[in-house]
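Here the chain labels run A, B, C and D in written order, and each chain numbers its own residues starting at 1.
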Amino acid sequence: MTFTPLTGVIPPVCTPLTPDGEVDVPSLLRLVDHLVAGGVRGLFVLGSTSEAAFLPDRQRRLVVESVTGHVGGQLPVLAGAIDMTTPRVLDHVASVTAAGADAVVVTAPFYTRTHPAEIARHYRAVAAASPVPVIAYDLPVAVHTKLPADVVLELAADGVVAGLKDSSGDLAAFRQVVTGVRERRGITGFSVLTGSELIVDAALAIGADGTVPGLGNVDPHGYVRLDGLCRAGDWEGARAEQERLCALFGMVSVGDPARMGPNSSAIGAFKAALHLRGVIDCPATAQPQIPLSPDEVEQVGKHLAAAGLL
Amino acid sequence: MTFTPLTGVIPPVCTPLTPDGEVDVPSLLRLVDHLVAGGVRGLFVLGSTSEAAFLPDRQRRLVVESVTGHVGGQLPVLAGAIDMTTPRVLDHVASVTAAGADAVVVTAPFYTRTHPAEIARHYRAVAAASPVPVIAYDLPVAVHTKLPADVVLELAADGVVAGLKDSSGDLAAFRQVVTGVRERRGITGFSVLTGSELIVDAALAIGADGTVPGLGNVDPHGYVRLDGLCRAGDWEGARAEQERLCALFGMVSVGDPARMGPNSSAIGAFKAALHLRGVIDCPATAQPQIPLSPDEVEQVGKHLAAAGLL
Amino acid sequence: MTFTPLTGVIPPVCTPLTPDGEVDVPSLLRLVDHLVAGGVRGLFVLGSTSEAAFLPDRQRRLVVESVTGHVGGQLPVLAGAIDMTTPRVLDHVASVTAAGADAVVVTAPFYTRTHPAEIARHYRAVAAASPVPVIAYDLPVAVHTKLPADVVLELAADGVVAGLKDSSGDLAAFRQVVTGVRERRGITGFSVLTGSELIVDAALAIGADGTVPGLGNVDPHGYVRLDGLCRAGDWEGARAEQERLCALFGMVSVGDPARMGPNSSAIGAFKAALHLRGVIDCPATAQPQIPLSPDEVEQVGKHLAAAGLL
Amino acid sequence: MTFTPLTGVIPPVCTPLTPDGEVDVPSLLRLVDHLVAGGVRGLFVLGSTSEAAFLPDRQRRLVVESVTGHVGGQLPVLAGAIDMTTPRVLDHVASVTAAGADAVVVTAPFYTRTHPAEIARHYRAVAAASPVPVIAYDLPVAVHTKLPADVVLELAADGVVAGLKDSSGDLAAFRQVVTGVRERRGITGFSVLTGSELIVDAALAIGADGTVPGLGNVDPHGYVRLDGLCRAGDWEGARAEQERLCALFGMVSVGDPARMGPNSSAIGAFKAALHLRGVIDCPATAQPQIPLSPDEVEQVGKHLAAAGLL
């Protein structure tokens, strides 16, 4: 993969499961086709929306192999190598690149308490061992550390990381990276991607290269349209499309908070929506997530209908 | 293993590494001998102090096999099965029990956002699949969720978990479990263990069964003495011994906070101390931890000398 | 007030209110009499349990004047000077000392983001201007900063603060202050007080001087008994009394968490208990706290009955 | 003040102090003139940038009286009523409105632990007692609670709050309020204002009414220009101007983090810049903030020079 910046929509691909918790490969490939048909420019497997935190190693590998085999190089496949620290991440990097991933997506260390110098050391060690480009993944809600902009820029300038996937929700800090990448001598081909699916228009307006929207599983056409409107400079149109998608995103809250956490609700809603739209066979989520109730699934359906997707 | 409550000192065993990051099995076994000679009543491998978060699966398995093979059933070996969610934890449970672990130690889900109902579901699924007892591990500094006392007690009453290793630092919440275990009908053989190495006397005084002190690697005799004084009701003597150990614990802060995080400093100090005491061959810590400088190691030595351990 | 360390029970005194939100002075003085009859050794007015955060300046002053006038120097009256930063705290110090307070209790700065150097500067400025001793108040749940033990000890060694009221729940950090005070040259008469009402036995066992239990409003006799058992070295008896008080403390959770926050529930329960015990005329709490429902008040009564207090 | 939405730039006005900590009224009025000359559309006094958390009541009142007297109704003066809970906030509301404030700006309760139902109750009580409109102030970094969008919208629909000043940095949540205000029946004249000075272009693009930038003290002309470019739909020009202001904002980090907190550094930099630009007589900040060193002030000067402001 030549690393001209990744652009356009690169959704984090949901991992369809069978009722007994195995990867449902036919559904996964139908989902990939649905996304490609929607116009996405790349695929990000084994991200948080993919339930990477829930998939055992053999399932992770199966996902990457299935997807890379299916798309056959038509578009880049990024794969998460999500684990606590350097030595464990290195094993995932070896596994997903052997399975054909075009780039790896790596967070700061978690579970252990960390430090900016340790974060930098982590990325340097991962990059030294990776046969493909490394993209830094900023997800403080999971990792409980914010990737400092100056660390990202230093790593970018040294060619250690080839991009940033920012799901911090902190657009001001994201902008620091966007402008830093442009201004620093020696950074080329760096991809600044936002995972903030509710402010894609704003992120593209300030200079993001591309988008990694979880909701893009449900409505890839919408996000591709949004991306196109932004690139065309039609900010009014973009805003309207983004607001439609924000309303659709309301589905992530259908789960009763007395009964389940926000992860169960959000991933459950995305999968229920994909099931209702006929893309995947079964809306099951991985353990220990709590399944949506029939009433909650019905609410997902109402969100789809309101957005014109049913 | 009959689950009468575990009592006494059950240290989380450090994992000695070679300079190139492999498990140094001879050093590990010398460390085990050092601990057993000190009078410990069990061993906890693959905990946080063991750098479990840094060890790839093959190293984790090697640690458990080496230690269980070496102790040959003379004392129980508990093994951490530290991972983000149920399916991944289940793989570790299978691996460490195949390698001979007598119990598994499991945290709440992390990286993903969770909920008390999901935590309960997680432990129920793990226990259903585990051939050995499951001990709940409360480590909010790593997991970013506190195990709620009522969830622990409900799981204990249902026979799902056989013990709690509490490293939350919250003695009032710990007491709620201690008294709850005693008062609830139907809970038998449950082990309430504290990982708070600076308040072992207080934890035993309020009813803890045993202790899991990281610093016990460095001075197992001290913690065994402390445990004995508490059991004998010599609270003044216990307090003096505990205060000596608290001073020794000061070694965890030798690392310069401008240069490294608290994990690098603490694990680095424990390993440097074991190296200085001649127990292990090499004080290396796993990537991306920052090594202590020679000056910092010298300070570790001063702590040992002040405690009469050099 | 000569500052030999404060010892014994020094409860944070609730502030009874009339139905229209005014300080109910007759009830306040009856509460003081109830506490004094229970054997307390000092009174802490305008603490968190006193709803200091809710009382306008004129009510704060009325509380101090009423209580100091009533006790007439028979026992020391400590008064909170709770506000965001130095200049505002100084105004409270002037007001409460003019009203007769024997010492002021002061937190680190809050609302503004702070730093250890700024915390030290804050206490130095407050102490320089205060005509009475200053006690440091560590309440991270409110202030969102933990008072670092080394800062407290440095201020103690310099005679800036005369004591610590620790409500952090972190007994290991508390112990660092307790032993530091004993070991550092030049610290005399410093009072180390715990606000952790569920582990008073443990705190006294490790060397605390005294106790500041919110629940002491409801059952001062219990806390005085507990303090006496600890001082007599009857740790078994102390543990039993403490566990009785822990069960009584369960009242703080009667409020429905779907309907109110933990502050409304806890302060509401203490006041309901004082009302049910006939000490105060009205259980009203200050705005915007949510009142307990009749059912919730009934549960408070059950806690009192179970503890033999009705 | 008719509450058509506030638009344009409404800076939070710094409070110049004399070397001995008194409000420097002549400097304050020169600062107001500087802002008015820059084209601002309103003034927000007693906000966080104004050091409201540091100003005693008499200084707060002096600030409001001085500013309202000086501007004589030419533009609206909003005043913070920053305190922990309802009864204390009500005193500030009475004081600042007696001093001529056109609206009050009020946070959720802080110091005490709170709950959405208590937040709503708080605003309802404040609004019931306030003679002027109430603007909700969302500042989680200080208050440690995020104002939930649904609570804000419910209060807006009921006419309780007349606007939102959002300094949360969470643009997705901000957007929820922006679109909710537009879509909900019965909300009129509500002002959605952003305090995120580094993403003003993005906030206006998604529908914010106005801007409350702390850096606007230093460069009001820049923010007014930025506002104008956005309103004219010149998003490229807006982005360039915003990026210039982002670079200028770098001054907030001049303070050495080993020596001071971020508040000391940021407020110190703004005041140093105003002093260097000749607007105020003295760059002193309130206690216990740490003053900038001469070197750090020199760096502020370099930021001004680079932005063409010296």
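Going forward, a contact is a pair of C-beta atoms (placed from the backbone, for glycine too) under 8 Å apart; a residue touches a chain by one contact, two chains touch by 3 or more.
Here is each chain with its UniProt name: A, B, C, D = 4-hydroxy-tetrahydrodipicolinate synthase.
In this text the structure is predicted, and so the values were computed from the model without any measurement.
Participant: How many angstrom lie between the CA centroids of chain B and chain D, rounded to a whole number?
Facilitator: 49
Participant: On a C-alpha centroid basis, what's the spacing between chain C and chain D, in Å?
Facilitator: Centres of chain C and chain D (C-alpha means) sit 35 Å apart.
Participant: Which parts of chain C, given as residue numbers and ranges, touch two or more other chains?
Facilitator: Residue numbers touching two or more other chains: none in chain C.
Participant: Work through the pairs of chains, note which ones touch, and then classify the graph as line, ring, star, complete or other.
Facilitator: Graph shape, chains as nodes and touching pairs as edges: a ring.
Participant: Among all the chains shown, which pairs meet the touch rule set out at the top?
Facilitator: A-B, A-D, B-C, C-D
Participant: Under the stated contact criterion, what part of chain D meets chain A in this complex?
Facilitator: Per the stated touch rule, the residues are 169-172, 175-176, 179, 196, 198-199, 201-202, 205-207, 233, 235, 239, 242-243, 246.
Participant: For chain B, which residues are in contact with chain A within the complex?
Facilitator: It is residues 21, 48, 53-57, 59, 82, 84-88, 90-91, 109-115, 117-119, 121-122, 125, 141-144, 259-264, 286-290 of chain B that touch chain A.
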